[in-house]
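Input: structures, listed below.
In what comes next, chain A is part of two complexes: it sits with chain B in the first one and with chain C in the second one.
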Partner chain A sequence: MSVLSISVRPNRMTCWVLSWFLFAAGICLYLYTAQKRHKENPDDRVVPTLAQLGAGIYQAAMNPDADEEPAADSAGQSALERFRNGMLWKDTVASARRFLYGLALLFPAVLLGLHMGIFPYFGVFFLRFILFFDKIIALSVLPILFIAFGIDELSKVMLIVIGVTPTIILDTFNLTKSVPPEQVVKGFTLGARDFDVAYRVVLKQIWPRVLNSIRLNLKPLMLFLFAGEMIASTDGLAYRIALLRRHMGMNIIIPYVLWVALLLFLVDLTMRLLNKRLHPWFREA
Partner chain B sequence: MVPGSLADTGAAPVLLDAEPATDLLIRLEKIHVSYELADGACKKVLDGIDLDIRRGEFVSVIGRTGCGKSTLLRLVLGAERPTEGRVLADGREVVRPDRDRGYVPQKYSLFPDKTVIDNITFGPEVEEFSLLTRFTPLFYRRRKEFRAEAMRQLRRMGLHGSDAKKYPDQLSGGMQQRVAIAQALVMKPKILLMDEAFSALDPGTRTGMQKLIRQVWRETNTTVLFVTHNIAEAIQLGTRVVVLAKDGAESSGSKVALDLRVPDRAEEFAEIAERVEAATGHSHLDEEE
Partner chain C sequence: MKSRRAWLGLMLLVGALPLAAQKPAFTVGWSVYVGWNPYYYMAKSGIMKKWADKYGITIKVQRFDYAPSLEAFVAKNIEACAMTNMEALDMPAAAGIDTTAIIVGDYSNGNDAVLTRNGVTFKNLPGKKLLLVEKTVSQYLFERGMAMNGMESQIKRVHLVNTSDSDIAAAFIADTSHEAVVTWKPLVSQISKTPGVTNIFNSSQIPGEILDLTVVRTDVLNRPDGSGQKFAKALTGAWYETMGLMSAKGPATDKVLAAIAEGSQDSLPSYKEQLSTTHMLFTPLAALQLATSPEMKQKMTLVKTFCFNHGLLGESTKSMDEVAIRYPDGSVEGKSDRVRLRFEKAYMQAASEGKL
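Let's look at the complex of A and B:
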C-alpha cells in the first residue's frame, strides 16, 4: 500500500488527521514565528502573539472606531451594546449591506440571461454586447466610476455590476441553452404559454444551477466590493483593513481577514445546504 | 415545388380506403426538409412526403437511422417548420407545438424538477392558470380535482399511489415513460406523438409498454403516430406502417417507400415484415435486435 496509489481507501481517522494537518501546521508555524520574533524584539507588531491577537479582537469587537466620538456613557453599557457599537460590528454591517445590494443586483442578471436564452430576439439583441462587456476589467474602469458616480455607494455597487453580472448573465444564458429542446416542446404540448415555459419549465429546472453559479461568484463579488471599499470608503471591513495597514495593526488585520473568510464560508455553506434542501431532485453533475 | 393551396385539400389523393374527409386529422403536403450544413452544403432529409393521418389510426413510422423519422415527427408537432410544403392539423396549418398534439420523446420526457404527480398536473394547471392567477383560492380548489384526475391516469398506467411523490430520476425507465404517457393523455390530445418512446427500455419492460400503449389507444380512441426503428414493434402496434427510405443516391432525401395497412391477423405479420424490411433498403435495419 503506497501513498501514491489511486485505489487506496484511507480510513476515517486518517482522513480526519490528514485533512486538518495543514491547519494545525499553519497555526504552529505562526505561533513559533511569533514567539521567535518576540524574543528578539518584545515590541514586534508584525507577527502578533496570541495574547496580542486576543487584545486586538477584544478592542475591535468592543470598542468603537477610535476616530469616532466616544459614546458619552460607554462605561455603563452592557457587553452586547458595546459590541453593537464596536468597530467590528459596524464594519461588518456596512460591508454586508453593500454585499446584499450586489447580491440583489444579480437577480435581474439571472432574468436577463434566461430571457436571452429563451427568446431569440432578446438573445441577438444583448449577447454580442454582453460578451464584450464581460471582457472589460472592472477595476480598470474604477476611476471612471468615481468620476461619473462620485465616491459614494453607487460607484461601489456599479463596480460589482460591471465585475460580476456579465458572468452571471452569460452563465444563466448557457444554462438556459443547455435545457433539452424536448422539455420546451413538451411544455408547449401541455398547453403552456411562452412565459410559462420560460419560468415554470426552464427557470425552475436550471434554478439550482443558477444558485450554484451565484455561489461560485460570491468571491469575485467580494473582491470588487473590497476593492471599492479599500479605495474609497469611510467604513466597511476592507476600509478597516486598509486603514490599519498604516498603523501596522496586524493584531486587528489578521482577525479581520479570518472573520471575512469565516463569513463568506458560512454564506457559501448556507446557500449550499439551502440548495440541497429546496431542490431534493437536483443532482450535481 | 409550389406549396399546396387550401383548395386542393379535399381533392388530394386518399392513400387507403376512401373515408369521409372529416376523419382527416393530420395532412402532410409535399414536405421537403433540408438543412444547411456548416460547410455551406445542403443536406436533404425529407424529399416530397405526402401523408394523411385519420382519426383513430395508430401509425407506425419506421426507417433506418438518420432517415428523418424524428424530423417528420417534429414537423407534425410544429417544433420545426418544413423547408417546403406544409403540415395541416384539422385543416389548419401547424406553426408551433400546442396542446392538441401530445408528445412522448425517448429522453427528457419528464420535468426533472417536478414530482410524478406535479408532472401530470402541470398541463391542466398551466392551461387554466397563468403565472399570476395561480395564487388565487380557485387555483387551490381546482388543483384538488387535477390531482384526483392525475391519480386516475397514474393507476391506469399501472403505477402505484406511492410513486406519485417521487421525482423522475427515482423511477425506472419504463415507469418514467408510463408517467410521460399519462402526462400527455391527461390533456386529451387529438394525436399522441411518440419518438422511439420505448427504445431505451429493456425487452421485458418494452413488451409491457407495447401492450399498455395499444390498450390505451383502444380505450381512449386517440390517434397515435409512433416512430420506431424496430420492425416487429411497428407491425404489432400499428394499424398502419409507413416506411421512410431514400430511393437512390445517398445525397437524396427520404420518401415514403411503403404505406401499408396492417391486418389484424398475426399470420400475415411475417410477410409484412419482409416487405417492410425490403422497403427500408437495408437487410439489417436495426443493430440491436
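Let's look at the complex of A and C:
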C-alpha cells in the first residue's frame, strides 16, 4: 500500500492532481447544489449560480454603494475610475487602513515583550498583569470599549490591540527567554552594553520567529477587525457583509469572502518571503 | 416484577413511537419582541398543544434570534415564522419563497423611534451621524420621518452608522458626540431615560406601516394531505385563544402577561410599557379589518418601494413588480405570475366566526 508509505515520492503530475482535487470537488459540489436549488426555486439567493456571482462581482467592483450620494459625473468615468469609486475598492481601503493600524501597533508589543524578557524590572512590572490581560476575551468587553473609546475608528483598533497584542507580548517574552544566557554573557565579555545585547544579540536572533508569530496572528487580527466592523461602522469589508446578510445577498458575500481570503493569503505570503529574504540563515519558516 | 414493568413500559413506548411519527409535525419560529412573546406562553401553557391535538398534528415552538429565524424560514427548516411585513418581503418573498401571512398580530405604535440629543431635529440632521441597524424598519422609519418633514431630498446626506442592536444603546448613551439614533423597544425606553434625549419621531406617526405577522410557507399550506391547512388553523386558534387571555379584564390577565414577559426575561411593568406602544390586534375581527382595509395596500406599497430602492428585493430585481403581493380581496400588486407574498384572511375570518 504505497499511499501509506513514508518513503514514496509521488510524481509531479500526481502532486498537481492531488493538491487541486479538493478545490475541484468543492467547486463541483457548489455548482451541483446551486443548480439543484435553482431548479426548485429560480429566485434562490442562498446558493447563487456562476452567472449571479459574476453579476455580483461586477456590481461590487464597478458600482458605488447605492446609498451613497452619487458622484457628479459617473457616466464619463473610465473603468479604472469606476473601480476606484466602486464599493469593493472603498471597503477594501477602509478595512486595510484599520488592518495596518492594528499591525503597526503590534511592533511596540514586540519591543515590550523583548524588554520584559531581558530587563528583570520590566518583567516583574508587566508580566503578571499581561498574563491576566491575555485571558480577557476581547469580544466580551465590547460595551466597555464603546463607552471608553466611542464607536469610531479608535474602538475598532483598540479591539485588535486588546485581542492580539497580549499574545504577541507573551510570545516575544518567551522567545527572548529562550535565547541561551551564554550568548548574553558572551556579548558582555566582548564589551557590549545592555542595549547592544538587547537589540543586536537577542532581538536580531528572535526577529524571524517573531515575524512568524505575527503571521500566525493575522487571522485573529482579522477576526477582531471584522467583529468591530460588523458591530458599528460606516464602511469596510465586514460592514458590507453584515449589511448584505440582512437580505441574503450571497452573490456578493461569497466574492467578498474569497477576496478577503486572497488578500490575507497575499499578506501572509509577502511576510514569509520578506522573512526569508531578510534572514536567509533562518531555516524554520 | 420490576423488569416486567420495565418491559411493558418499553413496549408501550415502542408502540407509541410510530403513532407519534405518523402525526405531521410542524415548527413555528419566533424571536423576542413584545408582539411575538405570546408564542412562548402558548407553548408553555399547553394552549398550542391543545390546538395541535385537536387537528391531529404536532406543533413545535422554537425561539430564535431574529435574523436566524428568517434564515431558517428561507432555508425551509421551519414551516412558520413571526416576522414584520418588511422582512417578509425582503427575505422569503424576494428569495423566491412563496409566503402567506395568516395572522396580522399587531403594528408598531411607538415601539420604534428616532431619538436625538441637543435638540437636533430632522431639519439639522443632514451632515450628522445617525446610529441605526441599516436596512431594517429603523431605516424605514427614519426615511419616512425625513419625508414627512419635507427633507426627503436630504436623506443621503445623513451619515448612517450601521450599529448592531446588541450595542447600540450603550454606544449612544456613552458617546455624547453622537446626536441621533433610531432603534426599537426596549432599547428606546433605556435610551429615553438619558437626560437631554428627545423622541422626535416614532412609529405611532406612521400607524399600520410596520406590521408584525405570522407567516407560513405557501407550499406547506397547499400540501395535498391537507395537513398544512390544519397547521394554519391550529396556529390561528391557539393565537387568538392567547390574545383573548391577554386582553381579558381581571386579575388573571396580569398573571398571563407576566408569564408572557418571562419569555424575554422581562418584568411585568416593562412588558406592559412595551404593550402600550404596540397596537395589538387582540380580536380576529380587528386583524381582519386591518388586513382587508384599502390603506393596507398603500402602506405595503410604501414598504415595498423602500425595499426596492435599497436593493433589498435583490440586485437582479429590475422592477418592483417582480415581487408581487396578493391581498385578501384577490387583487395583485405586481406581476400576477410572480406572487411571492400573500395576505390570507381565511384563518382570521374562521377565528372571528368561531369556526376553528
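Basically, the second predicted complex is superposed on the first by the 282 of 285 C-alpha atoms of A that agree within 3 Å, B and C clash if a C-alpha of one lies under 4 Å from a C-alpha of the other, contacts with A are read in each partner's own complex, and residues count from 1 in each chain.
Assume contacts are C-beta pairs under 8 Å (C-beta built on N, C-alpha and C of every residue); 3 or more make two chains touch, one makes a residue touch a chain.
Because the structure is a prediction, the values reported are computed rather than measured.
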Chain A as common anchor, with chain B and chain C clashing or fitting: fit
Which superposed partner A:D43 touches (first chain B, second chain C, both, neither): second
Which of chain B and chain C A:A192 touches, first, second, both or neither: first
Partner chain(s) touched by A:P280 [first = chain B, second = chain C, both, neither]: first
Partner chain in contact with A:F226 - chain B first, chain C second, else both or neither: neither
Partner with the higher number of touched chain A residues, chain C or chain B: C
Chain B versus chain C as contact partner of A:E182, first or second or both or neither: first
For chain A as apex, the angle formed with chain B and chain C - C-alpha centres, to the nearest 10 degrees: 150
Shortest CA-CA distance in Å separating chain B from chain C in the superposed model: 44
In the complex with chain A, residue positions of chain B that touch it: 74, 77-79, 96-99, 101-103, 105, 107-109, 111-114, 122-124, 126-127, 130-131, 167-169, 183-184, 187, 189
Complex contact set, residues of chain C against chain A: 67, 71, 74-75, 90-91, 94-97, 131, 134-136, 156-157, 159-164, 166-168, 170-171, 174-175, 177-178, 310-316, 340
For the chain A and chain B complex, residues of the former touching the latter: 180-183, 185-193, 195-196, 199-201, 204-205, 207, 279-283
Contacting residues of chain A [partner chain C, same complex]: 41-46, 52, 55-56, 59, 66-69, 142-143, 146-147, 150-151, 230-234, 239, 242-243, 245-249, 251-252
